[in-house]
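Worksheet: the structure to be examined is printed underneath.
Each chain gets a letter, A, B and C, in the order it is written, and its residues are counted from 1.
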Amino acid sequence: MQRRVIFNGTALPLLLLAPQLAVTAVFFLWPAGVAVYQSVLQQDAWGLRTEFVGLRNFAEVFADPDWRAAAWNTALFSAAVAGLAMGAALVLAVQADKSIRGARAYRTLLIWPYAVAPAVAAVLWLFLFHPSIGLIGRALNANGIPWDTRLNGGQAMALVVLAAAWKQVSYNFIFFLAGLQAIPKSVLEAAAIDGARPVRRFWTVVFPLLSPTTFFLLVVNLVYAFFDTFGTIHALTGGGPGKATETLIYKAYVEGVQNTNLGSSAAQSVILMVIVVALTMVQFRFVERRVHY
Amino acid sequence: MSAVVHEGDRIAAATATRRRRRSGALTHAILLLGVLAVVFPIWIAVVGSTHDASTIGRGDVPLLPGAEAVENYATALTGGAGRFRSSPAALMLWNSAAMAVLIACGKISISLLSAYAVAFFSFPGRMLAFWTIFLTLMLPVEVRIIPTYQVIVDLDLFDSMAGLTVPLMASATATLLFRQFFLTVPDEVVEAAKIDGAGPLRFFRDILLPLSVTNIAALFVILFIYGWNQYLWPLLVVNDRSLETVVVGLTRMIGNGDAQNEWNVIMATAVLALLPPVAVVVVMQRWFVRGLTETEK
Amino acid sequence: MATLELSGVEKSFGATPVLHGIDLRVAEGEMIVVVGASGCGKSTLLRIVAGLEEPTAGRVRIGGRDVTALEPADRDVAMVFQNYALYPHMTVERNMAYGLRIRGLPKAEIARRVGEAAELLGIGALLGRRPRQLSGGQRQRVAMGRAIVREPALFLFDEPLSNLDARLRVQMRAEIRRLQRRLGVTSLFVTHDQTEAMTLGDRLVVMHAGHAAQVATPMEIWARPANTFVAGFIGSPSMNLLEAQLAEEGRAALLRAGPSLRFADGARPGPAGRRLLVGVRPEHLRPVAEGEGGAPLDVSLELAEPLGSESVLHGRLASGEAVTARVPGLVAGVEGALRLSIQASEAHVFDAETGARLDAVG
């Protein structure tokens, strides 16, 4: 937790911490506190009076069919993004881990989409799948598959999932590759001498040894799908058509910025915070366990 | 007898070689497919940015670049495009770069200082400070949009570079990374410095900072990309078009995605928007991979 | 160059006492080696002198000045660490000059001192390199150089040789001794290696469980160990300690193994039957030759380790006690009985309860 050898003094460390703590207090703790505070209040229609309503805002949020739909969308979206991005990355990492010619070149070519902003990725995919000008969108329509993400909710969801997962593959790839390279060659050789063929070797030896990485990436991918894909959805579908691609974050944004229902918006924020706290705790319990190996 | 055995060995060896070669081909095929899936959307964007608007508007996006590249990029950089007339990309790129560099440098400086305090000093409130910083991990901007926006308005930081960057400068991840690194500096080096007569600030400047250079570089790559790719926050706190960042500006150009948009200029802007962070990753690949895998430990 | 004086230095980490009141006076230019097993408190003692650790009680004086409350930087000491603790990002030259630059010495003076030290240590060609480009022995020299350029009142060595391979260790040991003599700087050297201690120190401090078990010259410690701990710690293989009782009005020890050993130098105090330990170094157990005096010991041999010029024998006495002997020449047989003898003049007598040495009275 701390070094054995340290310096003395109290004023200096506090001074060193001041900038970080100031930013944290003003822009993190205070707003979070306000959100919690507002989540138990209700303003009247003219914003003149506020009264304490306990958990009523939360009850209303949970009862709201729109919110429930958004929660379902979020679950679907996150699971699809995590599954797609991790599956593709694992396949690629396993191939790139083999000693083949050009392994480094493949690696370089596969990792850079990490740098593409989610919103920019959305624009690229929109350009590909645009029903009337997109290369693939037009091809689909021309081959008798009616494709229009502005009308068909399922297609819109598929497109945001694709755009969101596309960018995340490179991140997962880097970690899977690092995980694979950390597996001692001698373990694989032992399995080979035991007579396990490559496929069996993968599922009985490699994949179990990779499970810490996999679990870690699952949490990271869920967090990414939850929070970092706001730009993807905002740029690609705007939550539509209808509310087909509206996730919890997107809904909280819409409610807060456009409709000004403070109590409800605050309650939604608090629910999201609880979700992040839960995910972070899971992640750190896991990290701790990994440290104890 | 022995000739037969040798023949059998030879056939087995040949089969094994063939199998190995076939699996090698499969490996290359899968990787090439992956590379294709990664590159294709970008290639089409690059192609789209080199044709004129009507070619694209008709829906005939070719697979090879056209001749309008210079014109399209010039339009994007200077004039903006779309019926919503975005800001010139040159300005938006400048804004994005300024924001990304300020956020990256700010996060790194603030985190270095606080990690130093937490790792090298023992003082009342140390654990409290540590957990307060740690807590910020659990409060991403997305979950506290409205109240944070309110603070920005109250502090008169709306529509300002400070409002765009300062709130994003607190960083638990960077602090944890530096703290982790500081804990690996051997005690004897600290003691040697003490005996040499270095005080805490001198030690920080002369020993710790130079030792952290690789970590700082790795983190800079990650944080530059993080800053450049910010979306929700600039959307929220900047209304002034002269402060618009390229990622937000790009999506504004699309409007509701109409086919009549000047897609060639939009794609030129998209290419410009993704070029700087991608260049940083490719050029600093070594630090990037390291920064990524270290920050997540 | 200065004296060092420790008076009543105690240290506890939390409730765990590590040092129980150490007193020590080091003369100007003297080389003191603190030796002991790991965990005996020797490193803590050194770190208290350096100012890296605060004593729980007691005073530290360097050159007559009380430095107990001073920071390491203000004590005028230089230290060589076990893992060298060089600054990895600085060249050899910068590493050596760093302490001088902090103290604001003029550039010319710094250059002169670094140049002289580099020449003294034979590392002049390495000044532009960084630590990771150096071998272990070279790093060791740089660490020494960093201490030398400071021209301190006191050199502190914290097991500086234990990371080197055996051959280099012997070479550097001699070099450190030569340098220390030549520069005449008062030095405190901590090690767990008894050979290092014996060869380097003007005097040794043998530490045991937070106490100074004995402070004396190497020869004194060898010839007259103050207690059973020191007796067992110095010398390899360890001294045999055989159970015995005081007999013949204090003039002899009756060994549990059978024979009685008549003291050569006079009577030991105490009543008959007082429980003793009689110490004999393995090399002092010799095969019995014709017409020789001393007490004969019947040993059943269990193992013989031939080392070339001599052999180490492991065996058991009639009392069941294990003994080790070092005899010249090769002993091939592994089993069998053997008769060895103890010369009274080479036996050490200790009290079995306290472990303290018992000298002849009068």
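One rule holds for everything that comes next: a contact is a pair of C-beta atoms (placed from the backbone, for glycine too) under 8 Å apart; a residue touches a chain by one contact, two chains touch by 3 or more.
Nothing here was measured: the structure is a model prediction, and the numbers come from that model.
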| item | value |
| --- | --- |
| Reference chain C; chain at largest CA-centroid distance | A |
| Chain ID, smallest distance between chain and overall C-alpha centroids | B |
| Centre-to-centre distance between chain C and chain B (centres being mean Cα positions), rounded to whole Å | 58 |
| Centre distance in Å when chain A and chain B are each reduced to the mean of their C-alpha atoms | 15 |
| Distance from chain C to chain A - Cα centre to Cα centre, in angstrom | 61 |
| Contacts with 2+ other chains: residues of chain B | 191, 194, 199 |
| Touching two or more other chains - residue numbers and ranges from chain C | 52 |
| Per-residue multi-chain contacts in chain A, two or more chains | 5 |
| Residues of chain B touching chain A in the complex | 23-24, 27-28, 30-31, 34-35, 37-42, 44-45, 48, 56-59, 61, 109-111, 113-114, 116-126, 129, 132-133, 135-140, 142-151, 155, 166-167, 169-170, 175, 182-183, 185, 187, 190-191, 194, 199-201, 203, 225, 228-229, 231-232, 235-236, 247-248, 250-251, 254, 256-257, 259, 263, 266-267, 270, 273-274, 277-278, 280-282, 285, 288-289, 292-293, 296-297 |
| Chain C - residues contacting chain B, complex | 47, 50-52, 71-73, 77-79, 81-90, 98-99, 102-103, 146, 150 |
| Touching residues (chain side chain B, partner chain C) in the complex | 186, 188-189, 191-199, 202, 206-207, 210-211, 213 |
| Of all residues in chain A, those that touch chain B in their complex | 2-10, 12-14, 16-17, 19-21, 23-32, 34-35, 38, 88, 91-92, 95-96, 98, 100, 102, 106, 108-128, 130, 132-135, 138, 150, 166, 169-171, 174-175, 178, 198, 216, 220, 227, 230-231, 234-235, 238, 249, 252-253, 256-257, 262, 265-266, 269, 272-273, 276-277, 280, 287 |
